[in-house]
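Take a look at the structures listed below.
Each of the next two complexes has chain A plus one other chain: chain B in the first, chain C in the second.
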Partner chain A sequence: MIKKRISMIVEYFVLILSSAIALFPIFWTFTSATNKSIDVLAGRVLPGAKLFENLHNLLKAANVGQAMLNSSKYSILTTLGSVLICSIAGYAFEVYYTRAKNMLFNVLLLSMMIPFAATMIPLYTLFGKLDLLNTTLGFALPSLSTALLIFLFRQCAQSFPKSIIESARIDGASEIRIFFEFFMPINRHTFAAGITVAFMNNWNNYLWPLIIMQTPTSRTMPQLIANLTSGYVTDYGMLMLAVSISILPTLVVFLILQKNFIEGITGAVR
Partner chain B sequence: MPKNLEVKSRQDVISWVFIFPAALLLLITKFWPIIKAFILSFQSGVGLNTSFSGLKNYARMLQDNLLHISIFNTFFYLLLQVPIMLIIAIILAALLNDHRLKFKGFFRTAIFLPCAMSLVSYAIIFRSLFARDGFVNLILTKLNILNNPVNWLADPWMARIVIVIALTWRWTGYNMIFYLAGLQGIDPAVYEAAKIDGASAFTSFRKITVPLLKPMILLTSITSISGTLQLFDETKNLTNGGPANSTISISHYIYNLSFAYSPQFGYAAAVSFLVLIMVATLSFIELKAGDRR
Partner chain C sequence: MKRKLGLLLVITMVITMLNGCGSNTNTNANTDADASNKKEESKSNELTVWCWDKNFNIYAMNEAAKIYQKDHPDFKLNVVETAWDDVQTKLTTAVTSGQTDTLPDILLMQDNALAKNITNYPDTFVDLTNSGIDFSQFAQYKTALSTVNNKIYGVPFDSGTAVTALRTDILEKAGYTINDFKDITWSRFIEIGKDVLKKTGMPLLSSQAGSPDLVMMMLQSAGVWAFKDGKLSITDNPVLQKAVDTYVELVKSGVLIEVNNWDQYIATFNTGKVAGAMTGCWILASVQASDEQKGKWAVTNIPKLDGIDNATNYSSVGGSSWLVLSNSKNKDLAVDFLSKTFAGSTDLYNTILKTSSAIATWGPASTATNYGIAHEYFGGQKIFEDIIEYGKKVPKVSYGVYNYEARDAIGTAITKIISGTDKDSALKEAESTVKFQMGQ
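After this line comes the complex of A and B, so read on.
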């Protein structure tokens, strides 16, 4: 009994310590956003009263509104597009299984091994020729179809009852309607998981926009933040405010969808 | 019968229509560029004025000191960080799977939350925390662990360690979720039976949890290895490759070759092909090792 008690205490200790380590930098970022640069460096962890001063400086130093708008536009459109394209493909690979399709699926999975660094130069020159630099489509195209999402939705289609498809067909539903009206709502957890993963990846995408978003009006939030630190003197209060603003959307999306996210991953890998 | 056949062939057409956009996009944005990069790797020149130069780029790789440093660094991050992170992730997942535990949801969310951070943001947060006049030095000197502040990011080895710490902070929760998902498939009765047989918590962790998580361990190690080999955002924003390029990663070097120095696309393509070969080889070895078990 005592042994059991001790093991529980150790468990709680490890988990509380891990949670504290995980949360502290995030907490520190938010409180630093309300402190003066000097106080941030002096190790102040409590919230201060300089939020509006930092905001004032930040708005003067960089066009945050434009970058937030750009990041939102690029990531929302790319996320919706990629979840739609990949879910319908993953569904088709499983539901209309043929050997030819299965081979294609395996070939597409190989693309997971292709490092982005290896493709960025040809993509950059191609997109330059197609006039896609500084455009939403240019941002989206390399992220619209990903092997990981196709894989996720194919796994999820495996546990989707065939009887639902059969009976819907007998009722005269078209194939596309079966996908939208049966598959999608039933597997909403997996869709939530797909949206969470895709949105985070798109919002946080840095290398690709760094290459193709070259005009000040097309820049994204990660680019803006990276630029804020390039000067000689860094205003940490202002910088942490910019970081706080940029992580809010992903935090909100994650906290709203997290239950679905974990269930979606679990459902897909079972 | 003819009607049925018609239905079947119409379904066949529709199914290919469903697959077409995803397949075409991957073809254009992944497979075509990698072939193009392969061709480019046999050319040299500055900017877009390139001409065929045979194996010159590949020969240059042998002489390129900075490339060797970047390969060393990338493998240093890989060999130190990936095992530490995956072991912590499995332990945390096993703890969270304990049904007696309270506040599970809170712990899970807290440990996963770093994943919601953009790579740029957390790199900058860690750069600030580990700055010479930053928070970590302040705490360590106040607690008398250090006499003088350490200039973490100015020392090559300390800077590499900071990158490893940052990577572990950001990605442990992410991998933990996959293990948690894998553990949901394990019947709690298995653990009960082990306990009745007198197995300690550590024994059942080693003999039940780890073997049953093999597929997940395989998946997470492949994604972690390929992620680490493509490391860019962190070295760019935490140390900018410094001090004096001592923490630069291969992907960061490729970026510099293509976009920071005078562009040498041919050579950069050759280096990026090296990354592809490394990712493919390591994944292949992993898959083989996974099969054998």
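After this line comes the complex of A and C, so read on.
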């Protein structure tokens, strides 16, 4: 009994410690948003009373509302589009048989090894010729199909019972209906995980939005934060407030989908 | 029923999304078309500028526009805030992909990157040599940085003149004044530094580990760089050897402490962990962040290298210049704007000095009244006058196309030497790294 209790205490201690280590940077970011720049530099961890001053300075220095709106718009559109396209692709890779599908899938996985910086200039040239610079479509297109998400959904389709598909086909359900009415609701955890990962990646996307969206009114939050650090003097309190505001949407998406995300990633099948 | 509703919801989402993309595309396309129409309409009186730092460069540009508007009431300036790294990324992408119509009329460029960009993309920038701008009025070391093949491409802007800024209260505790640091050598600086450290426990300087800034500053103070006649000069460069030795001694003696990043570097003097800072004069804006240290700072020139011919107490770190883009539909307007403001207006420099401490490299600006102001934060010292004087004596060097590569390699070599690697082998490795990057 005592042995069990000790092991539980140790277990909780390790869990609390690792949680504290993981959460500390976020906590520090939030508290720094309430401190003066010089206090942030001095390493002050406790909350201060400068939140409103930092907010006032931030609103004066940058158009946060517009950047948040832009980031939200681009991230939501791209996330919905990519999850839909990649889930259909992953499902198709698993369910339909073609001779070349495994080879094609390997080629797709290989594309994960090519860094974006290598394809950026050809993509930019192409989009320029297609007149897609400064457009939402131009912004979203490169992120709509990602090897990682297709891989995630193919793995999920692998554990999806084929008997369900076959029964549905016998009952006369169309292929589209099988996907939307059976595959999608049953694998909602994987979809939640896909949405979380895609949203986070799209929200933090920096390089492509920077070059494709040329107008100041299309600036996203990561670009706004980069501009706040580009001067000779950086106001760290204000900067941390901008960072705190910027991580809120990702945090909200994660918290809402947290339970499903964990099950989706660990591959739980119900 | 629930499933049907779910299906309906998903389909609605997709349609909305695609519709959203389409309509947004159209809206944006229209906006762009409107913008380009506007650009056509207003092409004779509107300029777009890319630069960074709202309180410094952008502020200066907007003030310049106000001055230009006095004689050109229809003139409009559209400043797009773009961080320096982003300026470089966007410039490279646009030029390499041939989409130069996305570039602005004028952009600001870090002096360190001038030679590389001008040499790599010579047709992208306007040759300003015979533009009517009198470049002889600028500090010669600044115009030299944007001169490639005897053509001048940049209008110099803010000064990177090197300064030693020190806490007078700490020096006083150790029995020194700022004058003890004026016109001295590095060996004397280290000697005093050790004494200050012993008496007050405070190092004089700090630096980012792996940053070559101080060593490169020492090089320029002797009119030398990591390239000689366009060829890499690291292992056969006695001034570089001396500069590296000096830096290592600074670290090993404890007179200089190394920190991990820029934020920590700023924190060292803002929070009183070190008694000074030594780099380009633009650092003075960061020095002034602490109210408690008001009146306790003073500025002097930098030490000179011992035993090196042509060594001086003057150098430069950083700074930037304005470039006009060849693709601009308003090239003439852009050149005229720069010549009447950054290369022709004492009023402009007088205004921006007061608010943003942007120190000019344009000679006539030193006659502006604000340059003679006694600065309260620096104990009443007329720092701007002093810095202008230092700037006149900075030796000219040419940074070269592979400047960043050489700087990075030298930075890495310094880190290795401090960790115990033999100096010759570390510098040899640095040289072969840069040669590899140069394709030699």
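In this text, the second predicted complex is superposed on the first by the 248 of 270 C-alpha atoms of A that agree within 3 Å, B and C clash if a C-alpha of one lies under 4 Å from a C-alpha of the other, contacts with A are read in each partner's own complex, and residues count from 1 in each chain.
The working rule: a contact is a pair of C-beta atoms (placed from the backbone, for glycine too) under 8 Å apart; a residue touches a chain by one contact, two chains touch by 3 or more.
Keep in mind that what you see is a predicted model, and the values were worked out from it rather than measured.
Visitor: Would you mind checking whether chain B and chain C clash or fit side by side on chain A after the superposition?
Guide: clash
Visitor: Of the two partners chain B and chain C, which one touches more residues belonging to chain A?
Guide: B
Visitor: If you stack the two complexes on chain A, which partner ends up touching A:Leu15: first (chain B), second (chain C), both, or neither?
Guide: first
Visitor: Which partner chains sit in contact with A:Ile165 here, chain B, chain C, both or neither? Use first/second/both/neither.
Guide: In the superposition, A:Ile165 touches no partner, neither chain B nor chain C.
Visitor: Can A:Ala147 be said to touch chain B (first), chain C (second), both, or neither?
Guide: After superposition on chain A, A:Ala147 lies in contact with chain B alone.
Visitor: Just chain B (first), just chain C (second), both, or neither: which does A:Met68 touch?
Guide: A:Met68: touches no partner chain.
Visitor: Applying the touch criterion given at the start, work out whether A:Thr119 contacts chain B, chain C, both or neither, answering first, second, both or neither.
Guide: First partner only, chain B.
Visitor: Per the contact definition in the header, classify A:Ile186: touching chain B only (first), chain C only (second), both, or neither.
Guide: neither
Visitor: I'd like to know which partner A:Met200 touches here: chain B for first, chain C for second, both or neither.
Guide: first
Visitor: Considering only the touch criterion stated at the top, classify A:Ala173 as touching first (chain B), second (chain C), both, or neither.
Guide: In the superposed model, A:Ala173 contacts neither chain B nor chain C.
Visitor: Which partner does A:Ser246 reach: the first (chain B), the second (chain C), both, or neither?
Guide: A:Ser246: touches chain B, not chain C.
Visitor: Could you tell me which of 207-215, 225-233 or 387-395 in chain C overlaps chain B after superposing the two complexes on chain A?
Guide: The stretch that clashes with chain B is 207-215.
Visitor: State which residues of chain A lie in both footprints, the one left by chain B and the one left by chain C.
Guide: Residues 41-43, 120-122, 124-125, 207, 211, 226, 229, 234, 236 of chain A touch both chain B and chain C.
Visitor: Can you check the complex and tell me which residues of chain A touch chain B?
Guide: Residue positions touching the partner: 7-8, 11-12, 14-16, 18-19, 21-23, 25-26, 28-29, 32, 40-43, 85-86, 88-89, 91-93, 95-96, 98, 101, 104, 108, 111-126, 141-142, 144-145, 147, 150, 175-176, 179, 200, 203-204, 206-207, 211, 221-222, 225-226, 229, 234, 236, 239-240, 243, 246-247, 250-251, 253-255, 258, 261-262, 265-266, 269-270.
Visitor: Okay, in this complex, where on chain C does chain A touch?
Guide: 3, 6-7, 10-11, 13-14, 17, 20-22, 24-25, 28-29, 31-32, 35, 52-56, 80-86, 89-90, 93-94, 96-99, 102, 263-264, 266-267, 270-271, 282-283, 285-286, 289-290
Visitor: Enumerate the contact residues on chain B facing chain A in the complex.
Guide: Against chain A, chain B makes touches at 11-12, 14-16, 18-19, 21-26, 28-34, 36-37, 40, 48, 88, 91-92, 95-96, 98, 100-101, 106-122, 124-129, 131, 133-135, 138-139, 142, 169, 172-173, 177-178, 180-182, 184-185, 201, 216, 226, 229-230, 232-233, 236-237, 250-251, 254-255, 258-259, 265, 268-269, 272-273, 275-276, 279-280, 283.
Visitor: Enumerate the contact residues on chain A facing chain C in the complex.
Guide: The touching residues are 37-38, 41-43, 61, 77, 80-81, 84, 120-122, 124-125, 128, 131-138, 140, 177, 180-181, 184-185, 207, 210-211, 214-216, 223, 226-227, 229-234, 236.
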